[in-house]
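Two complexes come next, and they have one chain in common, subunit A, joined by subunit B in the first and subunit C in the second.
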Partner chain A sequence: MFGEKALDLIRELHRSRDGTLGPYNEDVVRQILEEMQILYEANQEDVAQVVQNDSDQSSLTAIQVRHDSLQRNKRCLLAYLYNRLMKIRDMRWEFGSVLPPDIRRNMSEREVQWFSNYNRSLSSYMRSIGPRGLDLTQDLKPPQNVFIEVRCVEDRGEIELDDGSRILLKKNSMHFLPRSQCERLIRQGILKQVA
Partner chain B sequence: MDVSHKSSSGMLQDYMSIDDILMSSERLPSVFLVPVKGLGFLDASTNKKDIAVGTKMDLPLWLVLSLAHPRKKFISFDYTKPYKGTYREILKADASVVDLHKIGPFFYAFGQQLLTLNHNESLQMAKCLVLTFMERFRKIMDWSINAYEHDNSERQEKLDEVERNLFKLGQKSLQSFQQWEMGESRKLSSSELVSRHRKRKRDMSE
Partner chain C sequence: MDDLLNVSGVSNDDSDEEHLTAAQVLEKLEQAWMNERLSPNLMECKSQIVEIMLEQIEEMEANIQRAQKGDLKISLHRLELDRIRYVVSSYLRCRLEKIEKFAPILLEREKSKSDDEPSKLSPEEFAFAKELVGNVDNHFKSSALKHMPRNLQNIALHEITSRPNLDHYVFLRVHQREEGVIVDPETDDHAEDRVDLEVGAQHLMRYQPIEQLVENGAVSLI
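So, the complex of A and B:
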């Protein structure tokens, strides 16, 4: 049956739906496009013949089947690309403007481009809010305290805060820090808020 | 922001939905009412160049929706077992014990799509879908908001996709409530996507 490869792509997406982005399957995409090319050319031929020879309508069903298969392949390809992009978009909000290298490796050239365009649009939008801009990726929950107590989950070495002071992020070390500095690190799983 | 696993809630499919694409790939027993020139290779049981009139094949729903359309009539089709008389009787007897996931994970969605085609059992099938859902829904609602997933995982296995999504919603709201009770909702947390990613990295480096 036509459209089997396309279905494989979708199954791939379905399997990885709770995880992170899988590698872009360039191979299968190409095979689907090849199948579409074959279907398209066969239909061009049959349609030309039907138009020329009005009395011979015997190819009509085959033309319909190929046409439906083309539409099906198209749907699967678009859904594959679209769903991956939505995941990449979500990653901007979860990981920040720089993606972990192992995720980036799984993206196609065009997807990387898309991500940087999205980044740019988001930044310029955020800059345009109010007199000084507003970082929408911060304060996703209403802030309760100015300072919070956090524990470090893994060794990250020394980092510098906005006011210039340095802290050493050693595994299991506790810190009492301004909320605004911690939010990003907590989101990335490096720090964990303590009660 | 998970758009991919929304699925159709009616006669219209969601074009980009992964679930809808998987659902519409399920097959129906069909018979060709006209010959199909040049596509004989689709029929594994014959070496002929064309598909002959009367050939029986299991065709995917996406193709049946087009070929069996009342205005075209290239094929005739029949429902699969879960939607026919015998099974409908089983569901009428006691819908809550049936394993809807096993007989086709998209029981309701696929059934709804079948209703867009003419079939002499469509009225009974439609009633069956509604009654089955009504009977099972109560239990699902109760389970999902009263107990945690590990207690319920066995029950979850017998649910079809629509029911599983409802179940997840119930669980999520139970979780949120309990977190709020404990004051957890005021704490910042790392996102789920990030935690899973780090876990996988840790597992891989071990």
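So, the complex of A and C:
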């Protein structure tokens, strides 16, 4: 059945959980494009025949069906690509400008390209705000307290805070830190907020 | 030190063009933030307010740096600063989300609008939207479209992206009296569909008829 594979792609998107990115399905994408080529060629032939022989209208329905299948394939394919891009966009906000390697592996080469372009547009936009730029990926949650208590989940060595003091992030150590400093570390899973 | 106490309150420096106090700027910003978050469509950009606020933040941060360490007031000010910065970020983030969602449509509108109509995008946002649309378009072309049969290779992004739902219902509060607002311009009989908006009243209405009123501050979304 025409369009079946395109529907598979959409199903695949639908199945994957929010915030996860499945591997780019190069094979199915290629198969759909091949199917489109076949449909297109079949249509070309039939159209040529209809043009040649006006009285023969029998293939018109077939042409219409193929044409609709072509449109449907195109639409599904673009929807697949677009929704993946939006997921990748969300990853930029979640993980920052460098993606974890396991996500990167699931992206096509062109998606990697798109990501770095998006990255560039976003950072030049953020740099343009206000006198010194503003990182919009910070301050994602309304602040409750200046300081929060955090537990360190993995060894990270020494880091320097804004006020110049240094702290050692050791596994299972507890810290009392300014919220603005550890928001990113919490999202990266290095720190965990307690209470 | 006195100046520090003015973090959320009145500041005696009136460097901004509109002669607003810091508190008034913050109030305006919060208003714009609420409206932006509650409206289905992108509103005009309040870049000036954002600019002023960010300058204020900078100044206040400098004040805090100068203050003595360990002072209790410092942490209070810092919290206030964090809150203001959150509002600014959240406001711009909310706009950015809408811009990303509707970019092709917004760009199309910029192109077709007359010169005296105000632009909804700030120049920076415009540049961002343009790059984004170019990028998506490019990705579609190189990943799929160029491998498709010739007659299917074209797309117009602004025709296939979803549009903001202007029929969305919003709660609003009235600040300036407005008479005879037409609730449903599509029907023929206008007489029955007019409402007078009294100051202080709250309504639940379709967004589209009141879009302009939100924009000029006569009503605000709640």
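Simple rule for what comes next: the second predicted complex is superposed on the first by the 179 of 195 C-alpha atoms of A that agree within 3 Å, B and C clash if a C-alpha of one lies under 4 Å from a C-alpha of the other, contacts with A are read in each partner's own complex, and residues count from 1 in each chain.
The rule is simple: a residue touches a chain if its C-beta (ideal position, glycine included) is under 8 Å from a C-beta of that chain, and two chains touch if they have at least 3 such contacts.
Since this is a predicted model, take the numbers as computed values, not measurements.
**Q** Quick check on the superposition: with subunit A as the shared anchor, is it clash or fit for subunit B versus subunit C?
**A** Here subunit B and subunit C can both sit on subunit A without a clash.
**Q** According to the stated criteria, A:Arg105 is in contact with first (subunit B), second (subunit C), both, or neither; which is it?
**A** neither
**Q** Tell me the angle subtended at the Cα centre of subunit A by the Cα centres of subunit B and subunit C, rounded to the nearest 10 °.
**A** About 90 degrees between subunit B and subunit C, seen from subunit A.
**Q** With both complexes overlaid on chain A, does A:Leu136 touch subunit B (first), subunit C (second), both or neither?
**A** In the superposed model, A:Leu136 contacts subunit C only, not subunit B.
**Q** Have a look at where A:Gln37 lands relative to subunit B and subunit C in the superposition and call it first, second, both or neither.
**A** second
**Q** Quick check for you: in the superposed arrangement, does A:Thr61 touch first (subunit B), second (subunit C), both or neither?
**A** Touch partner of A:Thr61: subunit B, not subunit C.
**Q** After superposition on the shared chain, which partner residues are touched by A:Glu94: those of subunit B (first), subunit C (second), both, or neither?
**A** first
**Q** Where does A:Lys170 make contact in the superposed view: on subunit B (first), on subunit C (second), on both, or on neither?
**A** After superposing on A, A:Lys170 lies clear of both subunit B and subunit C.
**Q** Scan A:Arg15 for contacts with subunit B and subunit C and give back first, second, both or neither.
**A** A:Arg15 contacts neither subunit B nor subunit C.
**Q** Determine, under the contact definition given at the top, whether A:Leu78 touches first (subunit B), second (subunit C), both, or neither.
**A** In the superposition, A:Leu78 contacts both subunit B and subunit C.
**Q** Please work out how little space separates the C-alpha atoms of subunit B and subunit C at their nearest point after superposition, in whole Å.
**A** Least C-alpha distance: 7 Å.
**Q** Give me the intersection of subunit A's contacts with subunit B and its contacts with subunit C, in residue numbers.
**A** Residues 78, 82, 89, 140-141, 179 of subunit A touch both subunit B and subunit C.
**Q** Along subunit A, where are the residues that touch subunit C in the complex?
**A** Spelled out, the residues of subunit A in touch with subunit C are 29, 33, 36-37, 40, 70-71, 74, 77-78, 81-82, 85, 89, 108, 110-111, 113-114, 117-118, 120-122, 124-125, 128-132, 134, 136, 138-143, 145-147, 178-180.
**Q** Would you tell me which residues of subunit B are touching subunit A in their complex?
**A** The touching residues are 1, 3-5, 15-19, 21-22, 25, 34-39, 42, 59-60, 62-63, 66-67, 72, 74, 183, 185-191, 193-198, 200-201.
**Q** Mind listing the subunit A positions that touch subunit B in their complex?
**A** My answer: residues 1-3, 7, 10-11, 13-14, 17-20, 42, 46, 58-59, 61-62, 64-65, 68-69, 72, 75-76, 78-79, 82-83, 86, 89-91, 93-95, 100, 102-103, 140-141, 144, 148, 179, 182-183, 186-189, 192-193, 195.
**Q** Which positions of subunit C touch subunit A when the two form their complex?
**A** Counting only subunit C, the residues touching subunit A are 50-51, 54-55, 58, 75, 78-79, 82-83, 85-86, 88-90, 92-93, 96, 100, 124-125, 127-128, 131-132, 135-136, 138-140, 142-144, 147-149, 151-152, 155, 160.
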